[in-house]
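Presented sequentially are two complexes of subunit A, the first with subunit B as partner and the second with subunit C.
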Partner chain A sequence: MSNKPISGPHVAATRRVDQIMRLVIIALAPATACGVLLFGWPALYLLAVTVLSAMAFEGLCLKMKGVAAMPYLRDGSAIVTGLLVAMTLPPWAPWWIGVVGSALAIVLGKHVYGGLGQNLFNPAMLARVALLISFPIEMTTWANVSPLLTGPGVIDSLAITFGGLENPDAVTGATTLGWVKTEFSQNRLLPGSLIEYSGLLAFLGWERGSLGETSSVLLLAGGIWLMRQGVIKWHIPVSLLLSIFVMSAVFHTWDSQHYMGPWVHLNSGAVMLVAFFIATDYVTSPNTPLGQVIFGAGCGLLIFVIRSWGGYPEGTGFAILLMNAVTPLIDHYIRPRIYGRYRNGKPLDISNT
Partner chain B sequence: MFALFENPRLRGGIHAEEHKSETSPLSIATDFPLPKKLYIPVQQHVGKPAEPVVKVGEKVLKGQLLAYSQGTISAPVHAPTSGVIADVKDFPAPHPSALPIRTVVIESDGKEQWAELIVPEDPFQLEPEEICQRVGAAGVVGLGGAVFPSAVKLSLGRKNKIHTLLINAGECEPYLTCDDRLMQERAEQIVAGIRLMLRGMDAPKALVGIEDNKPEAFAAMQAASQSFANIVVAQVPTRYPMGWDRQMLRYLTGQEIPADGRATDIGVVVHNVATAFAVYQAICLGQPLISRVVTVSGAAVAKPRNVEVPIGTLMSEVLAFCGLEKSKMARLVMGGPMMGDALPIAEVPVVKACNGILALSAADIDEPAVQPCIRCSSCVTACPVGLLPLEMASRIKANQLDSAVDLGLKDCISCGSCSYVCPSNIPLVHYFKFASGELVKRQQAEHKSEQTKRLIEDRNERMERARLEAEAEALRAQEARAARLAAAQQAQQAPAEETV
Partner chain C sequence: MNLSILFSEQYRKIARDGLWDNNVVLTQNLALCPLLAVTGTATNGLGMGLATMVVMVASNAAVSVSRHLIPSEIRIPIFVLLIAALVTLVDIFLNAWMHELHKVLGLFIPLIVTNCVILGRAEAFASKQPVMPSMWDGLMMGVGFTAAMVVLGAMREISSAGTLFANASVLLGESFRFLETTLIPEYKGFLLMALPPGGFIMLGFMVALKRLLDRKAAAKITEPTIIDTIVLEEGA
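Let's turn to the complex of A and B:
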């Protein structure tokens, strides 16, 4: 019997950090697998390089910090970060994009701030935005859908990931959002530019896009499963998706030539991934339910604003980083009401109770 | 709008593994063998310790007064059995420190000879003052764990206009089933106790709140209170900490007690269900509080069950009665596993506050290493008070205690829900208790330095006054001397002039 004085509780719930991370990985698995199936071996190689380098950078940082790396590597947070970085990359991006992305996410996005739980910005989004600004060509070269079995073979794919694409124009194209933006610049307006767009294929994931972002249905399923597991709460995903829906519905109804409808918005780019897996990042989102609703709605709003009026076709990364920056402010002002007190902290008046 | 995000009547809380089924089906064991020696601390309540009235070597009868109550907030203690006073000495207390406190030691004679008990003819005809007085004299204190003298609460209830007596029968702590069994087996007596309390406070109605994981107790209490329209038995959801009186009150009545107030401020008095039984014993049987039902459980106990034991029995003896496997015991806890105290030794007496003795095994208290906070805000969701445990802990870690107080540290009830759910196993409650202790220490230091400052200032003032007085005195003396000199000179000159 230990005599160390310890206050209660003397029992504890059994869900630990590593279990939470494992559940997140499981929830991300279907969408990731779908990405690999749709974009073939190069996607798998990029995924492996990114995740492995994320773990390597994690281990390196922990070693420099002077702590035992194993317990932290085992908690799985580096794998989740690496996985999320990989999922946001163009599937046929060269290997060094994955490595640099992991380095940005783990070193600059996480350990510079003090490691797990200390970062201000979501590491994966930080990496994505930094890569997009630094390497715009590589980050916007979108491979056509070329499934695992019919696309380039195991060896050819090695050349794509580690040697680079030889004739990109033949096997790549634009994403829906990018296409629409380019068409606008050519003064071609909406219903026409989306003539080949299939809402169903976009929902299922059969379209050009980032490695793990195309399949809305699988991301949605993973997110809902994660909610049912109690890992994430409904507040952020629902408010985020709802605000995009409302904004796009209003503007689309008002001017359908210049504004895409809600279905296109919700099924394009990173919205589903961000709503369930990025915006819900514990560390960089507010603590209170109301704060989370404000955060989610803010993300949705910014995504719509950047997509509709900004210079980039996709705005999820910027929207998340901006709202991450606002999180401390939200947490400062939005606090739960304490029992027996008004929201401003004053005790309740007896006459009012 | 906020109602969208939180049930205004029920906030936070957790659902822990109950571990109640081990003991709840078994009847209360009343065959606990009388121990040879009983150790009765004179302080088993909130307030001033009682003052012993017995001498070493004196013969006492069961129920005889051992130590009398001192001051308004205090409670007497009585002999749990007949025997001889063996000693009045300092003995380890059932407290995490196990520091010794003043304890009366009785060597039992095995005769269980009762002192003369005063039993009223019709207890329900007693004057309210009389009820309060008798409850106080019987040493009845709040048996839910707070051990506040019940008579004080009853009188307080009489002075303030009370509309509801809330009987807290939540028993939300895991493992504990002593109130559950008490209600199943002695519901009639409990209801009699509630009626006496109502009379003692001139209160119109009583509300009994029972968690819905105790259907048998609920049924028993409902049957027992059927003929009394002013006693309502209600079920409340099973969610720790439902037994936090303010939580139960809010759930049942929608009323919230102001942060700086008491339940009486809004016309409510809260008593524990076991206290109601003790009140029944005190009034109807004339018996003081000398025994209580204790849940003995935990994986290191072979025969977990509820036992009625005399106050002052060593916990080690109670554990032995229930088949303790010593090698399996990793932690001994008095009370429930959420808010109970870990005790360093088992050779401490059972006191009035002790509702559970838990011998937990290493598997029960599985304690993985503490990991960094990932700000998952599970603790915010779990907090029944509406605090931000993660923020408070990070401030305390940085030694910013004032900032933690601003966040509501003083409103924390130490229920442990936050620590329970924390996936990083951060001992949040430990931080809060530490900070509260530091604040008290700081307050004391401030008080002391203020006192010192005042004393120094007083002294300086005194010295200054003395100096000024001395100076004035010197001046006066000088003037007097000068005057005398002048007078002498004048006197010298005058005769001279005369002689000229």
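Let's turn to the complex of A and C:
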């Protein structure tokens, strides 16, 4: 909090926080819009409630801290957090799930640690995991695809978001990952349980899932655009996706009855969202390229392990939090090389030049 | 015995230390293991706090009585043996007379032996002070600990189940059934708060609140002078 002048040299960042956040929001917009189109008005209401409450909690925390709220609110980081939380929620979840999620993300995930840039864990994933553990029923009730124009109308949707589902079984079902897991428990193996699975529809987003996670293609496009804009680098997304691909390919070839193929893995759940938008969070990922590769590969490995052998069908949230916890350790051992010294800190040997 | 001694400066300071200034949980951050493990409900917190308090008073008395006989080189093992003997008595007593509560608190009763605060008070206070102040210190530390346990348990219980003092009749007898209240009917239940992370989160809020109150109280006593302000800014 010190405003004392510090002597140079200074390096100016090319972008301010608000510019970065705006680019992230633009990159997330297509997948979010797709979620709203696929799941209708309830998804839009949930999105609005979550983002607005995230901003409200941000303002409240800043006020309690005794700093002016507007400059921080305007930088858009609270909007991005709220947006990411909403995108990981079941689209027809009740409104209070969004509010509690925002509170967990902003208050417990961010401001308890000291605000923007100080948090140890990714706020959105922290909120998602805490919600999943606390409200298992609401967080695993997945609405059928019911597009904006043919699904429930504006008024009926208000009842869904703010009043609760009347008859959940009629309009909901399981996600691909959840379905596979329950089928395993009934002793039905993969070729049978995935008989109706369409890789193309899942790639486009036409499947049950979280609000903003179903459309792999739009998330992929947004992520690649962010990379081209220079907001994120390739190391984390590529190593994350590659490690899932390699793990699932090896196990699928070895035993295709029990292990889903790489296509299903990469196309399901939150992998695309997490790879490009969550794992690449500047604050909670390592600083060096090598550290980022280790971080991404670790995330991918944990996602595969939890999905294949864990109790939960989807493990991305847990994987991210676990690797967030390891990030300080990675940064401790893998540091940037100091000018004029080897990596281990010894001076460069220049005797024979 | 002359009770007016309890209002002397020394005894008042001991009481203030145990209840607030040097509170086991909120300031020393000791005894976190039982704290986080059994405070799922206010009743369990109360039971664990009372058991610890009894052990602490007795162990402080025992250590203080024998403080001149214990060679300082091996004082810690002897303290532990004394505490272990007392805890065993409490454990057997609870198992016999409050069996339901004993089932709930289970492993954590024997673990009072390793509760660092009991050894801490024996080492820091009772081994250097006469019997009466030692017992008073054990009692006050125990009351402070119990209060923190009950408040934490109540906060977790309300947020996780919407009830308060559930099963109080098991601990305190049928006449205390009126304590059992349901604050929020048809509550969905914030399950996280019943799990260990909920204990950590709520404890964090409690410690923060205590520090906030302390800072407010300190600010009221000494209005900051110009020099203080400069030092503060330099430090920040």
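Everything that follows uses one rule, which is that the second predicted complex is superposed on the first by the 336 of 353 C-alpha atoms of A that agree within 3 Å, B and C clash if a C-alpha of one lies under 4 Å from a C-alpha of the other, contacts with A are read in each partner's own complex, and residues count from 1 in each chain.
In this text, a contact is a pair of C-beta atoms (placed from the backbone, for glycine too) under 8 Å apart; a residue touches a chain by one contact, two chains touch by 3 or more.
Treat the numbers as computed from the prediction; the structure is a model and nothing was measured.
Within the superposed three-chain model, A:Ala130 lies in touch with subunit C and out of touch with subunit B [touch as defined at top]. Using the contact criterion defined above for the overlaid structures, shared-chain residue A:Arg335 touches subunit B, although it does not reach subunit C. Touch criterion not met for A:Pro191: it reaches neither subunit B nor subunit C. In the superposed model, A:Leu116 makes contact with subunit B only, not with subunit C.
Looking at the shared chain after the overlay, A:Gly66 reaches neither subunit B nor subunit C. In the superposition on chain A, A:Val11 makes contact with subunit B only, while subunit C stays out of contact range.
In the superposition on the C-alpha atoms of chain A, the part of subunit A touched by subunit B in one complex and by subunit C in the other spans residues 1-2.
Subunit C contributes residues 188-193, 195, 197, 201, 204, 236 to its touches with subunit A in the complex.
Contact residues on subunit A toward subunit C in their complex (touch as defined above): 1-2, 100, 108, 112, 130, 133-136, 138.
Against subunit B, in their complex, subunit A makes its touches with residues 1-3, 5-17, 19-20, 71, 75, 77, 115-118, 233, 235, 282-283, 287-290, 293, 331, 335-341, 345, 347-350, 353.
Only residues 2, 5-6, 11, 14, 16-17, 96-97, 174, 246, 250, 255-261, 265-266, 329-333, 337-342, 344, 358, 360, 364-369, 371-377, 380-381, 383-388, 390-391, 407-408, 411, 414, 416, 419-425, 427, 429-430, 433 of subunit B touch subunit A when the two sit together in their complex.
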